[in-house]
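Below, chain A partners chain B and then partners chain C, in two separate complexes.
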Partner chain A sequence: MSFIARQILGATMFNTITVRTVDIFLQKSPNKPHGDVRGIEGARFQVRDSTGAVIQTGTTPADGKIQVQISGAFSTLEVLAGSAVAQYTIKIRDSAAEAVTTPAGQQRRLRMLGYHIGHSGPEGNGVDGIAVPTKEVDRSALELQADTPAINGAGQTNAMDGVVGNHTQAALTSAAGV
Partner chain B sequence: MAVNVSVQNKFQIIVPARVDRAVRGAPVLDAPDVDDRGWVNNRATGLNVDDARGALFGTTVGDVVRLKVVREDLDDAVPLFVTTTGDQVAIEQPAGGGPLPADGIFSVRSVADTTTGSKIQVRLGNASGAVICEADAHTFTPKTVFITPHVCVIHSANAAAVAAGGGTGQTPSINGSALDDAQLTNLFDTIIRPIWRPVGVEFQISPVQNEVFTGNDGFTQDNVALQGTNQIATVYGRNRGIGTCNIFFMHTTDQFLGLGLKFEDRAVLGANNSGIMVGVNGDFNSGAFNARSSAGADLVHELGNDTAHEIGHFLNLDHADEVDSDAASNFNGRVDTYNRRFLMHPVNLLPLATGTAAPPRFDDIGYGQVGASGGHRGCLVTLKHHPSHQSDGETMTVRRRFRSPNLFK
Partner chain C sequence: MPTQYTVNQGDCFSSIAAQYGIPWKKLWNHPDNAQLKALRKDPSVLFPGDVVTIPDKENRYESRSTDARHTFTKKSEPTHIKIRLLVDDKPRANLPYELHVGGSSIKGSTDSGGYLKADIPPDATEGTLLAGVGTSQSVYTLAFGTLDPIETDDGVLERLAMLGFDTDGDLSAAVQGFQTKEKMTLTGVVDDALRARLKERFGQ
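Presenting the complex of A and B:
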């Protein structure tokens, strides 16, 4: 529970309530849009705080972006599908991202970009740091390479190998911003 | 059950689902492979254009095929529906487009080969809900490859001795039974047609022609074909079915298990015609006969895949490695999943890729680990044409080939 300071009657003062927000993009395909259409448009949603109270409602715009308010330890994004609900438990990870040279760092960035790396690991999001990638991670690395013009461009040879080497690490860092 | 999202750097992209092949395992006529190599479009020139990002799939007019929606980051309980755009395809099942069954499988009827782009759209909640995933549909008018199958017996004995009942050459056989019309029909129906159907290629097969080669034709070893260029020309010139693709099934081929030539490549190997050779029982290498290692249904899979692969060469496709790889001299040099998924990968029986540099990719599309040590190459004839892969866009390469006056020469 949050407490807001009270002022004596008639006095003027301001309270600052810090609500952290994160940008969730619901998309039809992974990675950052490069001027193309990827957003899931027209999805009705609501956001509940960690007590279950609804704190946001809306409909996704063309880019599928939802600025989710995180109140408390987590918020729950509910995408409304008729009478059913698709739920996403949204938490903020404040620690620095693992180095992109590590399996965990690569998985983290693939996950950030929406690639499907499964749900293993302590956070249930596929980031498990295991050196030998699962088929899902391997497939995602290949997809990232295919989706990256600097790798899958004319004249590039033997580039889509699924191995996250220097060029793929650079692509991950550039797209994820970390 | 909620999907966990741990947000790093204040943003997170969520892609709830993808469209995939409906089944795993051997090729199935109504379950085409999908070209999901990356989400980027990169359509081959000549394919209809729309703005879908994700899997591409091909079908032949009139077919009904199955596809599957895989929920990657979406609760199982959320109802999904499928709809279409354009006029190439229509949803067959479930009626009304949904809700999809628990396995995510739906079927699509291929309506017409038009110039309008068509998409499958996966929708949330109902048939007019938000589109959460798309796939790109391409319907093709069927093109027919007329096949003349030749079942060949090779004797080292001369013609007179063979005519007198001599000679010890053997008829090629599958699982112990001499290759005949019924086995060829099975080979085409179970493996070859399913592989080529998404490209819009159909086959019309003539009855088997039995051919006998002898020492007088230059053969010096029983059963073994492909002993140098003269024999290739001899075989490819034998009793050809005019206006057809002539496939010569041998007991044993020399060094290769299969050889497919289009007319323009004939001179490279000394042939005068296009044609295909398949070593049904094995190959002859370094002085030794190497029997095919598969058996039973797997042997049918292997032979069908090999024959389909050689048909790819006949229809103007190169090896996936050959044109664009730093491992051109090493046929198994590229171990990535994409390349292994290609029908045109140079090698059929592949070792498993293991270790940190080559993670467990092999069976990603599900075509076929066989035992613990290896499996078959895939059956994908690509629709996408990635700029870094010069021999890509195979479906359109093949379809353009049907315009060539040299196709059946």
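Presenting the complex of A and C:
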């Protein structure tokens, strides 16, 4: 809700409403049938603030990229494709995501990209900072390598080994956008 | 006997003046309201519990001939709202909008600075602003007359929230967020310097 004054003293006073946004890409899961064009187009979405009020409505463009408005502590993004509803809670972190060189940073990016990394860690989303290959992350890294033309494409000689080395870190950063 | 009116959330001088049929300037400049005027400085922003003295109406005598029809018009003073829309600190410039107040809707477009100005009835308490078209539309819920004075903690919180700071936690954390962004000394304390900067950024 915005607190707006009724102005009666000329036009010098005004009230500012700032919305903060984060860019979100809605994409199909990264595997071969979808190729490189994975954006989810034409999905209706709405965004609610932390009180449940709808603050934004729209339809996703071809690349699936939307600017989600964040109000207060968090916003909830609801994707309304047909009768199915996907719901995401979106917070703005004041600090950047963990570095891609750390296990936690690799896990968070794999998770954002839709790979299965289990449910360990404090948030129950598999981001626990425990180094690969002690858990599902090595398997997910292997899938990412298989999905990435720069690693698995024609003429590439990088190892498909499930180890998150320099090339795989670059692929993670590029795909996740952070 | 003058009436002592106690301000509720959502009241301002224009809404109270409209309610009693008195021009707001007369109310604002009335000697009995001098103390309140000095305290709040802005007739648009009052705090619940403030007391406004409503003077008695004065009779006005008009002479007209008896053989013709005469029209007397009740003067109603328009009030307006002026809002600046920003997204991540950039103006939402030249953006088409629809403002729904009461039963009517006003269509327009923000200017190059992201400002929009609209006349509203003095007794309107809420409105819905739909901004943008096409793939993304924003919905703003507006509560008119609810902005509290910047001298109060409520007034500071409201302004910080509208500038996009997270005010769900405590005031001090939100103030620090603002101070960080403004490159001010991090104190988390609301003082005159903070109020001045906040007023400048928010516009009132």
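Note that the second predicted complex is superposed on the first by the 125 of 178 C-alpha atoms of A that agree within 3 Å, B and C clash if a C-alpha of one lies under 4 Å from a C-alpha of the other, contacts with A are read in each partner's own complex, and residues count from 1 in each chain.
Convention: a residue touches a chain if its C-beta (ideal position, glycine included) is under 8 Å from a C-beta of that chain, and two chains touch if they have at least 3 such contacts.
The model shown is predicted, which means the values in this text are computed figures rather than measured ones.
Put chain B and chain C next to each other and count what each touches on chain A; the higher total goes to B. Shared-chain residue A:56: touches chain C; no touch with chain B. Touch criterion met: A:18 reaches chain C, while chain B stays clear of it.
Of the two partner chains, chain B is the only one touched by A:177; chain C is not. By the touch criterion defined above, A:69 reaches chain C but does not reach chain B.
Residues 21, 60, 92 of chain A lie in contact with chain B in one complex and with chain C in the other. Looking at the complex, you find that chain B touches chain A at residues 1-16, 18, 37-40, 42, 51, 53-54, 72-75, 77-79, 124-126, 129-134, 324-327, 334-338, 355-357, 359-361, 363-364, 386-389.
By the touch rule above, chain A contacts chain C in their complex via residues 1-9, 11, 13-21, 50, 53-61, 66-67, 69-70, 72-73, 92.
Residue ranges of chain C in contact with chain A, taken from their complex: 12-15, 24, 42-45, 77, 79-89, 115, 117, 120, 122, 127, 134-148, 158, 161-164, 166-169, 201-204.
Here chain A touches chain B in the complex through residues 21-32, 36-38, 40-43, 60, 76-77, 79-82, 84-93, 97, 108, 111-116, 119, 123-125, 127, 131-135, 137-139, 142-147, 149, 151-163, 176-178, going by the rule given at the top.
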